[in-house]
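Below, subunit A partners subunit B and then partners subunit C, in two separate complexes.
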Partner chain A sequence: MKKKLLALLLALCMVFVLAACGSETDSDAETSGGDSGEASGDTIKIGMIGPQTGSNAAYGTSMLEGLQMTIDEINEAGGILGRQVELIATDDRGDATEAQNAFNNLISQGVTLIIGSATSGATSALTNLANEEGVVLITPSATADDITTEDDYVFRACFKDTLQGSIAAAYVEQAGITRVGTIACSADPYSSGLVNAFISACQERGIEVVEQQSTATMDAQDFTNQFTAMASADVDLVYAIYYYNAVGPFLVTQARAAGYDGIIMGADGYDGALDYVSEGADYSAFNDVIYTNHYDPSDTSAAVQDYVTAYSELYGTTPLCFAALASDCMMMLQTAIETAGTDEASAVRDALSDTSVTYEGVTGTFTLDESGTPIKGAAVISFAYDESVGGLDGLGTELVTTISSDEIA
Partner chain B sequence: MKKTIRRGYLVNTAVLVAVYILCVVLANVFSEVSNFKLILTPSIWQCCYLIILAASLNLVLGFMGQLSLGHCGFMAIGAYTAALISLAFQRAGVYDEKSGIVFVLILFLCVICAGVLAAMFGVLVGIPALRLKGDYLAIITLGFGLIIVNVINNLPFAGQNGLAEGVASSSLYQNGLGFGTTAKVTYLWVALAVTIICVALMFMFIRSKYGRAVRAIRDDEIAASAAGINTGYYKVLTFAFSAFFAGIAGALYACSNSTLSTASFSFTNGSILNSTFVVVMVVLGGMGSLTGSIVSAVIMFVLNYQIANGSWVSSLPGFIQGVFTYPMLVYAIVLVIIIMFRPKGIFGTYEFSLLRTPGEFVRWIKGLGGKKKAKPEGKEAAAQ
Partner chain C sequence: MGEFLQTLFVGLRLGSVYALIALGYTMVYGIIRLINFAHGDFIMVGGYTLIFTVPLMTAAGMPAWMAVIIAILVCALVGVGVELIAYRPVRKKGTNMTALITAIAMSLFLENLAQAIPAIGPNPMVAGTFFESGGFRVAGVTLDYTTIYTIAVSAVVMLLLYVFTQKTKMGRAMRCVSEDKSAAILMGISVNKTVLTTFAIGSGLAAVAALMYIAQYPSVYTTIGSLLGLKAFVAAVVGGIGIVPGAMLGGLVIGLVESFSTAYISSSLTDTFVFLILIIVLLIKPAGILGKNVGEKV
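Take a look at the complex of A and B:
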């Protein structure tokens, strides 16, 4: 019995040590959230749903960090309508059921303004509930086309898949590439939606889609067969839509090992992939990997630079687009609440439905269309490996070009 | 003996009916209370499908002793079958609104079809797979689970351009059997009734001659076969029976989610709904105890839900909160504790029974009867 207890104690010790290592930044953010909540009794409650754990955890933690920073800034400046903002963050682990649980739980705490969730899969489970309960839902990064519809309570701060696919096709045309291939996860609305949009945009532009491959899951760890097929089909660019956790450690290096040396193009899910590159990998493989993104952290405009500086001072890293988009969601909410003069959900919704309002956010200046989706352009960003620096530090990103929404039409 | 059997049936039926009526009445009384509508009802729905899922896997894992790691595959079949049938009926104009006797009939038709189709696939998978044993069976069922999910993905009307994407997925909510919060309260009785009927059927199965044959196979396959039991037949039968209920669990899952995506049934699902986690539930509750599976499904659900959403979490000291930000660590701790101090699971092979348990509990408290190994004797139907 003593031995058993000792073993259990040791196991618990290990768990606590592990948890303590991992959650330093999280607990910081949470404590500062608690402080702002105590500042005033009558607060505006903002709910956040995002994957804090699970395979897309980086998205959720970025969202939380960006949102927390923006809310702290708002509170220091006197709050919205003279009231402090209180953030209630929840975790959906990227799963539809968990997202629903978190959503219901937020509503039962009296939250009527919710920011989330990060992925299209989880968000699509929430849109109907938001309409049924009359709760404003702004998603920072769910790009699936049908997330927002006319006359509903759902809005977003990012462009939608068809637009992002067209932007990618517009870039491909600009770069003079005529033979492309695609790799998608057919089960995932984000991946398959983007690739379908890309394919149809390519056909309109006379770009030939030679080879189409797919994987079973978004967390696939082996892309060798797909890229071997690409190499033998002799394509110049592969449009492969995955999240950072597959791109960083697996996709790029395997593509090069399979003999494919053309351009690999991705979308906003590639953001943050460099943090997941394994040490000792062939870093030069990341040359010629480009992706469309909501914003470019190296953008010289004042809005972006102020944001990036403030964020990196606070958290010590460059903000991912998810942080910036979450901050833009908060900015949209702030504008809407101030216009409406109240934080009541239906009034805020009416304010957000106004298509003439121009929002100036970190990820650009935009207006919303009738369905509640921003009309905005994208930045095309490339990973680049600097041989002279070497190692993981040599990996960085650089802006290739920006494509405005006018160029797509 | 006969008298106790009859008494057992009476008591259990009476208690079940009472519990059921109580729940339905409570649902009607409290339907406007926000906590009941927003928290309790969705929780009961989730508990219902987890209970059916864990109990059905227990038939294969606990009673037949065959490790199957692809149980969520059958659940996916059930979920998509139910969803597509409901959408087909809506398109055919059989019902417009999610109310009325026609919709309820279609709902039950969907649930039954989901089970039947899953059982058919259970037979197809079971015939080749169950020739293998132990680790090999685990691997092949794992493979089949993945194959099923991938096939659904690539069906044009189900995965790729179907329910996984925007408009199609919300059409399940608007036109099909995807329930929002209000509808979940209205149809709570369906979830409860289906769960009670399923668990009762599983109890009847393991108490029948089939159940005894299946347990004989678990204890010694060669001896069972020497005693005249057709082991291959019984194995496939139990596997299909178990898949049937997994399919029904899938149908309930489709109801309780307003959207459907195969990502929910994959191995990398971050929630508690994946095939390995169902195995954990069965082991935790006790292999060979249906009531154990029920209890552990509820425990796992509550644990999972409270870690993510419980308001008491924020009042805990920081280092415990740190652990709670990694839910998988908490499940691991719970599993380690159970395996260390009670290796056979919470219930072991013991079945909770309304007739026997209170008396045995009193005796156990007095230290007289001790912990009697309660091999289920005769045909006493135990309550849930």
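Take a look at the complex of A and C:
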């Protein structure tokens, strides 16, 4: 009887795990209308898939804000091909299944041009669907290598992980660092893909990777043991790939508490982490935390400054790279629709596949390669704590250097 | 040596939190044979209460952690409320199984209710720090104050609870009800009152666990209690469910297994090891480490 009871308990354990999963995924993707209101047959419908709630919500809300601003500007200037653009935004909560639901939801509304999703995990669930349905999918920020392939309907506005990992390794070499360690979530395409790219680029450049650690999920909360290992392996830089929701509240402060005081290097997922720093934490821990990013908001070029000014007037904050990249996706779509002379998906796709077109976006001037991925450089940005300001306001970012794609080859 | 010590401290710190939560599972199970799956979500309730009351505390000039007193009260109220509204009526009419399903329902209900409250919403919220940063250097590793407080507080709480169940009248009543409900009624013990007190104490402990957990991992979200509660439940089963010292031991075992498997085997497999320990313990000693294998009374 006792054994039966315990077998029952175990079964319930599993049921509960499933139930917990269910609670995260069971609600339908919410749909919010675009600004143009009436869904007349005359508008060009653009779908957006991004995490507007859940642990990566900052990415999706940034995307939506940037996209909405760009579409408003396009509509004020007379639309595309004389037609107004209508945005239909959906929420995927950063989850692959939800992303597919959101995708099907958009298809059922007759949308054939989609911008999304923010993370590689969610976007990789959509690429096959997009090709099967013949729907153009442009992702602003999914950097995993295999997102875009030749002869498909998937494009992006960001660099891919092989490039981002190489850029990080190039910076490490420039900084004269020779001993590094890595921490990755092996189950996540973004984290493991980037770290693998970084490791192989390091090996080419003669940088020694002396310690490799991992976590079970991207939502890991405790990095103490991993950084203790880094401290005892005596590395000068740790390449740790997580999203802002782990970096802001947990990773950096735990690394310092575990006795690791070298450089922590990340990637575009660190963007926005400073909004998630626990109040009263040791802010100086964020010194020597650097990351590669798609653009630097303090860049003095006209394209960036115009964008940042317009965005901060509208929303009161500095745009994350996700906003800028989403706006660039819209710009790419606009160019392609105008070239094709129609918003029909296969024609737009053919226009985007033309590798000779140069796009001038907020995140740089670039062309697409055969697979539909931009060839462009990155900015290396550092978190910095200004003690004279103090408190959370003293935390900011500063540009370390920019690395162009030529320096990688 | 430094790495070993650090791993040990991380394990003890996690284990202390698991033990506090496991106590809630074990006390309720001990007294009404119900696995209160909503217990994990009491941590969520405690966490959000802390986030919203800390500004009140600091405004009143008191240290932030004092907010835990309000959190304990709120959690105790929610625990008692869940027992009165959901469990007691179901227990009267149905079987143990119906009560169990009700517990799962309450868990989902609390999570979704929290999401529906506009001030909470589905996105994680970041908590401020509760204790000053910094700590001691021991053998090359930093032992921060939060870790020391977590281990110390949970040790004190567990000691108090042990004394309470052994020495006080209400504690004795709890043990009586858990041993034989009908005999307890004959002895003049109010079973309903005892069960309510158990829920209040168990839920209050969840608030303390919430403080310790959030002080270490300053992020609160509506599903914070899912995995945390599940692991604490495993801890309770490993130690021997229904037995108070068993929950403490189980919590520490699970915390240490988690920490050492992260440091020395593979962090990707940490959760696998936690559940592997459960299976091994159940195979060798189905009643848990401290459990006594008594035959079911008929």
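One rule holds for everything that comes next: the second predicted complex is superposed on the first by the 369 of 409 C-alpha atoms of A that agree within 3 Å, B and C clash if a C-alpha of one lies under 4 Å from a C-alpha of the other, contacts with A are read in each partner's own complex, and residues count from 1 in each chain.
What we mean here is this: a residue touches a chain if its C-beta (ideal position, glycine included) is under 8 Å from a C-beta of that chain, and two chains touch if they have at least 3 such contacts.
Nothing here was measured: the structure is a model prediction, and the numbers come from that model.
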- request: Figure out whether A:396 sits in contact with subunit B (first) or subunit C (second), or with both, or with neither.
  value: neither
Message: Just to be sure I read the superposition right, which of the two partners does A:90 touch: subunit B = first, subunit C = second, or both, or neither?
response: first
Query: Should A:225 be classified as contacting the first partner (subunit B), the second (subunit C), both, or neither?
result: second
- prompt: Between subunit B (first) and subunit C (second), which does A:257 come into contact with in this model arrangement: first, second, both, or neither?
  reply: second
- prompt: Taking the superposition as given, does A:98 touch the first partner, subunit B, the second, subunit C, both, or neither?
  reply: first
Query: After superposition on the shared chain, which partner residues are touched by A:278: those of subunit B (first), subunit C (second), both, or neither?
result: second
Field: subunit B versus subunit C as contact partner of A:213, first or second or both or neither
entry: second
Message: By the touch definition at the top of the document, which applies to A:55: first (subunit B), second (subunit C), both, or neither?
response: both
Query: Thinking of the overlay built on chain A, is A:248 touched by subunit B (first), by subunit C (second), by both, or by neither?
result: second
Query: Which residues form the common part of the subunit A surface touched by subunit B and by subunit C?
result: 12, 15-16, 19-20, 22-23, 53-55, 93, 186-187, 214, 216
Query: What residues on subunit C touch subunit A, complex-wise?
result: 2-3, 6-7, 10, 14, 35, 37, 64, 100, 104, 107-108, 111-112, 121-124, 126-129, 133-135, 140-142, 144, 216-219, 221, 223, 226-227, 230, 233-234, 237, 241, 259, 262-263, 266-271, 275, 278-279, 282, 286-287, 293, 296
Task: Would you mind writing out the residues of subunit A in touch with subunit B in their complex?
output: 4, 7-8, 11-12, 15-16, 18-20, 22-23, 26-27, 30, 34, 51-55, 90-91, 93-98, 100-102, 104-105, 107-109, 120-121, 124-125, 127-129, 132-133, 144-147, 186-189, 192-193, 196, 214, 216-219
- line: So, in the complex, the side of subunit B touching subunit A is made of residues 34-35, 38-39, 42-43, 46, 146, 149-150, 153-154, 159-161, 164-167, 169-170, 173-174, 178, 180-182, 256-259, 261-264, 266, 268-271, 273, 305, 308-309, 311, 314, 318-319, 321-323, 325-329, 332-333, 336-337, 340-341
- prompt: In their complex, what parts of subunit A are in touch with subunit C?
  reply: 1-3, 6, 9-10, 12-13, 15-17, 19-20, 22-24, 53-55, 57, 93, 185-187, 213-216, 220-222, 224-226, 228-229, 232, 245, 248-250, 253, 257-259, 276-282
